[in-house]
Amino acid sequence: MSKRLVAANAWISSDSRYAAEALSYAGFDSVTVDLQHGMFGIDTAVSLLQAISAGPAVPMVRCSRLDGAEIGKLLDAGAYGIICPSIDDAEQCRDFVGACRYPPVGTRSFGPSRGLLYGGPDYVDHANDSVLTWAMIESRSALDNLDEIAAVEGLDGIYIGPNDLAMSLGERPGGAMPESVREAIRRAVQVARARGIFVGAFCGGEDAAADMVDCGMDLVTPGNDISFLRDAANRRLSVIRRLTTLVSDASGY
Amino acid sequence: MSKRLVAANAWISSDSRYAAEALSYAGFDSVTVDLQHGMFGIDTAVSLLQAISAGPAVPMVRCSRLDGAEIGKLLDAGAYGIICPSIDDAEQCRDFVGACRYPPVGTRSFGPSRGLLYGGPDYVDHANDSVLTWAMIESRSALDNLDEIAAVEGLDGIYIGPNDLAMSLGERPGGAMPESVREAIRRAVQVARARGIFVGAFCGGEDAAADMVDCGMDLVTPGNDISFLRDAANRRLSVIRRLTTLVSDASGY
Amino acid sequence: MSKRLVAANAWISSDSRYAAEALSYAGFDSVTVDLQHGMFGIDTAVSLLQAISAGPAVPMVRCSRLDGAEIGKLLDAGAYGIICPSIDDAEQCRDFVGACRYPPVGTRSFGPSRGLLYGGPDYVDHANDSVLTWAMIESRSALDNLDEIAAVEGLDGIYIGPNDLAMSLGERPGGAMPESVREAIRRAVQVARARGIFVGAFCGGEDAAADMVDCGMDLVTPGNDISFLRDAANRRLSVIRRLTTLVSDASGY
Amino acid sequence: MSKRLVAANAWISSDSRYAAEALSYAGFDSVTVDLQHGMFGIDTAVSLLQAISAGPAVPMVRCSRLDGAEIGKLLDAGAYGIICPSIDDAEQCRDFVGACRYPPVGTRSFGPSRGLLYGGPDYVDHANDSVLTWAMIESRSALDNLDEIAAVEGLDGIYIGPNDLAMSLGERPGGAMPESVREAIRRAVQVARARGIFVGAFCGGEDAAADMVDCGMDLVTPGNDISFLRDAANRRLSVIRRLTTLVSDASGY
Amino acid sequence: MSKRLVAANAWISSDSRYAAEALSYAGFDSVTVDLQHGMFGIDTAVSLLQAISAGPAVPMVRCSRLDGAEIGKLLDAGAYGIICPSIDDAEQCRDFVGACRYPPVGTRSFGPSRGLLYGGPDYVDHANDSVLTWAMIESRSALDNLDEIAAVEGLDGIYIGPNDLAMSLGERPGGAMPESVREAIRRAVQVARARGIFVGAFCGGEDAAADMVDCGMDLVTPGNDISFLRDAANRRLSVIRRLTTLVSDASGY
Amino acid sequence: MSKRLVAANAWISSDSRYAAEALSYAGFDSVTVDLQHGMFGIDTAVSLLQAISAGPAVPMVRCSRLDGAEIGKLLDAGAYGIICPSIDDAEQCRDFVGACRYPPVGTRSFGPSRGLLYGGPDYVDHANDSVLTWAMIESRSALDNLDEIAAVEGLDGIYIGPNDLAMSLGERPGGAMPESVREAIRRAVQVARARGIFVGAFCGGEDAAADMVDCGMDLVTPGNDISFLRDAANRRLSVIRRLTTLVSDASGY
């Protein structure tokens, strides 16, 4: 059985240009700047996109909300793809996709800024084709409207947010994946396949990412940068603590 | 045989306040802001120290050079300890320790700023006692003068920089530890023990940190934050790539 | 007659992490970052919250508007309380409170970021209980709907904005409190007492704060940081100018 | 007896552009950005100077050290005056004054940047005359060499740092002024008068400033911005606390 | 024939305080900070407004969207004029103008911040009169509703966005002006003249600006700062390349 | 006669990441971040280097002074070349070149940071060969020692600073090039040719750049970014003002 093509996506929630550039060079296919839960705003996000551009990964953004002005600015700032949270029905999905496309297809305002740098002088001619649009499926309503959402003209992919989805389905977020969420994910993969669009998911770590690859995802996000740090810190601390005694206060060493 | 007391020290080279605070909460005894090779200057360093202060770890700084004005500012900004690079002889060590102490012991200028916040209204009375001074041993000259350096009144510890030390001894930096460096480290531990001061080291990762604990270090730094990110990224990518095919360019997914 | 329990709240409108931390250490019970009229955006607000966290005061935010995405991000960034401007009716109040609570109670999206640091690993379990929600009463409509607003399930307090309220009632803002505003404040205190929720107010200075304590407020904000600076500057300048002649231009001294 | 002409100087140690501009408008003759003990570096200092320029006060800087490159950059960034810490002898004073003057008088490098904005197209022609140079007298050595320092060609003023001076004379800094410091200040005033140069001092607050005016100072700095904040906070808190009980933890209100 | 009075307006899309101040001194009547397509957010915008205030030009902002909270904050931050994108009908125009005016005329919230600095203590009394409101006309709907938009009480001017207008009319943006856009501009000038309000336009460069002056504009924006840089770079590079051969990679010189 | 190979170098003195990236894409062979007279410090410089790396130009830095710690940090931050001001004799030149090279050739400290990103995992092996070192010749002393400076092992080029050189030779800076400076430049070209090293110059604009190409320069800098802005502003303003009357104050339009 042959391997499938799956994109590995990094996720930035910290305010570090250097870390963003390092992740762009680390081997990921794309790096996503998270404006929704990331610890920064637009000012920092622009410089994170520049930092990602300095490396080989594709720069993407999860916007903070369905807001045409914000989405337009992030595209001008160099995002090649937008992951939009909480797309709960087809109308929201159409608004989202429209915000990513120039007229007559959509409503994006002209002012391509960094687009003219990374995309070249003909950026405006091809931007409608090259910018990827991902709708986040993360509520019971979104599941109810999944077929209509996936059918929206111009949508490139759906992206599962398992934690918000779990809470919306009455489950606890952050732990092992509840069966109701897993079932929803299976259906999302089927719908995406049927529509010929991509399907991706945020995953808690490497094991969850492997699980999601098995489920048929085209793009997986194996945790965010801070979870990377925490995981690496834990490994190092457990090795050191196995050999030593905890130093409990500053005066102790 | 009983376990020893060893401090685990994190190392910040990226410009992220959020990551710095996360590392302060991650279980390390101290977190060191690296002004020498870190990708930031004084402006960012001050805010990183605030971020570390929001968590339980002890904030320290590796200054960029032996420079009393910079060291004084970093102490005012809330560093509880200074690791000074390239202390090659006793006179440099005396200058370094003096820069960390108020008169009549040293030459630090009055203007305690954040010190009055974290250290309380009596900060100036106890700062000379509570600020830790670490001299970096990272050249052949430093080894030649090690006894005199370690004997400097008021020095709290020596800290080994294995990479610069390797280069100074004619070895390649960054790989497996050459025997000449290991020998130097053994001697540094003995000298520190004899003088009753601390000894610490920068280590490439968790295995090197374990090795340095075995060598007798009181404080080990198991890599910097970017190496944490890279290591965690590699683990995740290897799991994903084992299952899938590399997406080689942006248009591929 | 026994003293009542009243919280003293500082108010940040300047872009200074150091000042924010200093105010957190100055003796206030809480420090509020003002995103509505403060001279900064989200990027700076996050670092101000970190700075407040380094001291003992409770970090709060006045958000710029009733906007679930912004409110969610500020909670993720470490606010323990949100003061929302211009809550004019019960529906807006329900939207506001909902934006501060995780499902099934509310609509807050999962991604706790700094919450996991300051709130601990169980942050998500207790966040709905520990985050304080304050609805600003600052228009004639809000007064008309005050009983319904105060009755909204999960609202923790109402907070009077006397200047906007004055303008809405046809009075001049910024000077002595008009009787119509005072009357509105008296009613707000009664309604809050009856509902068992808190009541607070922004005050122009220390005298207005004392007045508001007398009126029955549970929390008073005695001016913002820039008014603190201006007041202290005026005291110092009046002492100096009493003794001297004004230097009127740069070449004069 | 007629009033004398005395400049009132504000002092910035916090990283707030808005506060800096507010102090420039508050009535001070000059506002000094403190790079030595202020909680920021060059990046922030440049924007603080822009903020001060937006108001009427004269922008000055206390540099972090006697360093021609730093001083030149700060002048390029729009400082009209430099206060240099720790000038202990005439040679240091000549180096300092030289760093502030273009050749052939001094050694300042050409590249006037913001100077061309605030100073006009002929800035380079008059900069040597319009930039004020203040040497800080804050050690026993400086007192020993005071006559020679004050005699340095081109020096515009001496500026007393009472806290570092106190420590250098074996006294405690930060409290009531020791007699030895007062004596040194009297002498500094006499020497300045004799040489026809200015004399100024950093003062702990308004009373100390009044005292220094009485001593004959031409310029007084009545504390820094954070001491302004703290003082105003204390006034407000004491009024509130007199009426109420302390709220001791977050859950208390 | 006498010359008309026409304002020359600079346009900031880059994140440089120094460039903003330089443009304020360069001879323009006004300098507009572009929050819609500019590569920065609110944090940077505030400091750009301070930088513009340091020079003689009038500071204006193009807001990112019709959003009262954002517009209020930008006015508090020192904008003397707001250019609002995509005003497509009279109701939007009324909302926009209302967001710029204090009650009872409008809905702006009280909290004048930098307004009290640049506008003086009586800022609130005259702000409704001194803040200029410009509605952007940049869609077919806006043309359809032009008379009603221009008739909105309190609107000071209409401002043509030729590129978005071109796209809305089915034309290509960014190149030579299509006849349909030119016709729309002629009508906009007539409507503005008839209503006694101003009319302005964004122009691609100096020739387009001259053309728009001929068309009757009261205010012209001859490109943004990055187009200035690019144009100046091209001139210099063409002179150098005429004399030399291209150095095609780093190792080549 | 065939064309020569000459590098066109842009020069950044403003604090704009977007402008820096735009200049990197504008067609220059290299873009130099000016830490000496630029309106920013190390924090901003790092992000400017990232921005330049996002485009095709070679990133270089003019450091603020001959200071090994600063030079090392800038190389770690991604500079491929260093232009060091005020190299006045061979010893300074050796110190400068040494600061750019790892041992045993030089004294650069190990900690390659962004070098590992842009230079690849083998960065440390080839950095000594790929980093360009340019010594600025800008004083009479430097001219006196020119042969010895140019002969320093490992120096890649000399770079003329005509303004400081003019002042050092007793001439006025900033205007037409005095004959003494022109003579010095001719000699510098000869010395560089004889030694087989590069020679470059800072030029006031395009005409001066053409002149310097004629003089034999290998690299020319045709002004800095702010001079680009000013020049483009002047062109646009002169076209607009030719057609119109100056609007002299804010109320005028």
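A, B, C, D, E and F label the chains in the order they appear, each numbered from 1.
Basically, a residue touches a chain if its C-beta (ideal position, glycine included) is under 8 Å from a C-beta of that chain, and two chains touch if they have at least 3 such contacts.
Source: prediction; values computed, not measured.
Across A-B and D-E, it is A-B that has more C-beta pairs touching.
Repeated interface, listed pairs D-F, A-B or C-D, reference B-F: D-F, with more than half of the contact pairs matching by residue number. One inter-chain figure worth recording: subunit A and subunit C are separated by 34 Å, centre to centre, where each centre is the mean of the chain's CA atoms.
For the pair subunit A and subunit D, the distance between mean C-alpha positions equals 50 Å.
A straight line joining the Cα centres of subunit B and subunit C is 40 Å long.
In subunit E, the positions touching at least two other chains are 13, 15, 17-18, 22, 39, 41-43, 46, 67, 113-114, 226. Judged by the touch criterion defined above, the protein chains form a pattern that is neither an open path, a ring nor a star, and not fully connected either.
In summary, the structure contains touching chain pairs A-B, A-C, A-E, A-F, B-C, B-D, B-F, C-D, C-E, D-E, D-F, E-F. The part of subunit E that touches subunit F in the complex is made up of residues 3-8, 10, 13-19, 22-23, 26-30, 39, 58, 80, 130, 198, 205-207, 209-210, 213-214, 218-220, 222-223, 225-237, 239-241, 243-247, 250-253.
Across the complex, subunit F is touched by residues 13, 15, 34, 36-44, 64-65, 67, 85-86, 138, 161, 163-164, 167-168, 170, 173-174, 226 of subunit B.
For subunit C in complex with subunit A, the touching residues are 41-43, 45-46, 67-70, 72-73, 76-77, 102-104, 109-114, 124.
Considering their complex, residues 17-18, 21-22, 25, 46-47, 50-51, 53-55, 113-114, 117-118 of subunit A touch subunit F.
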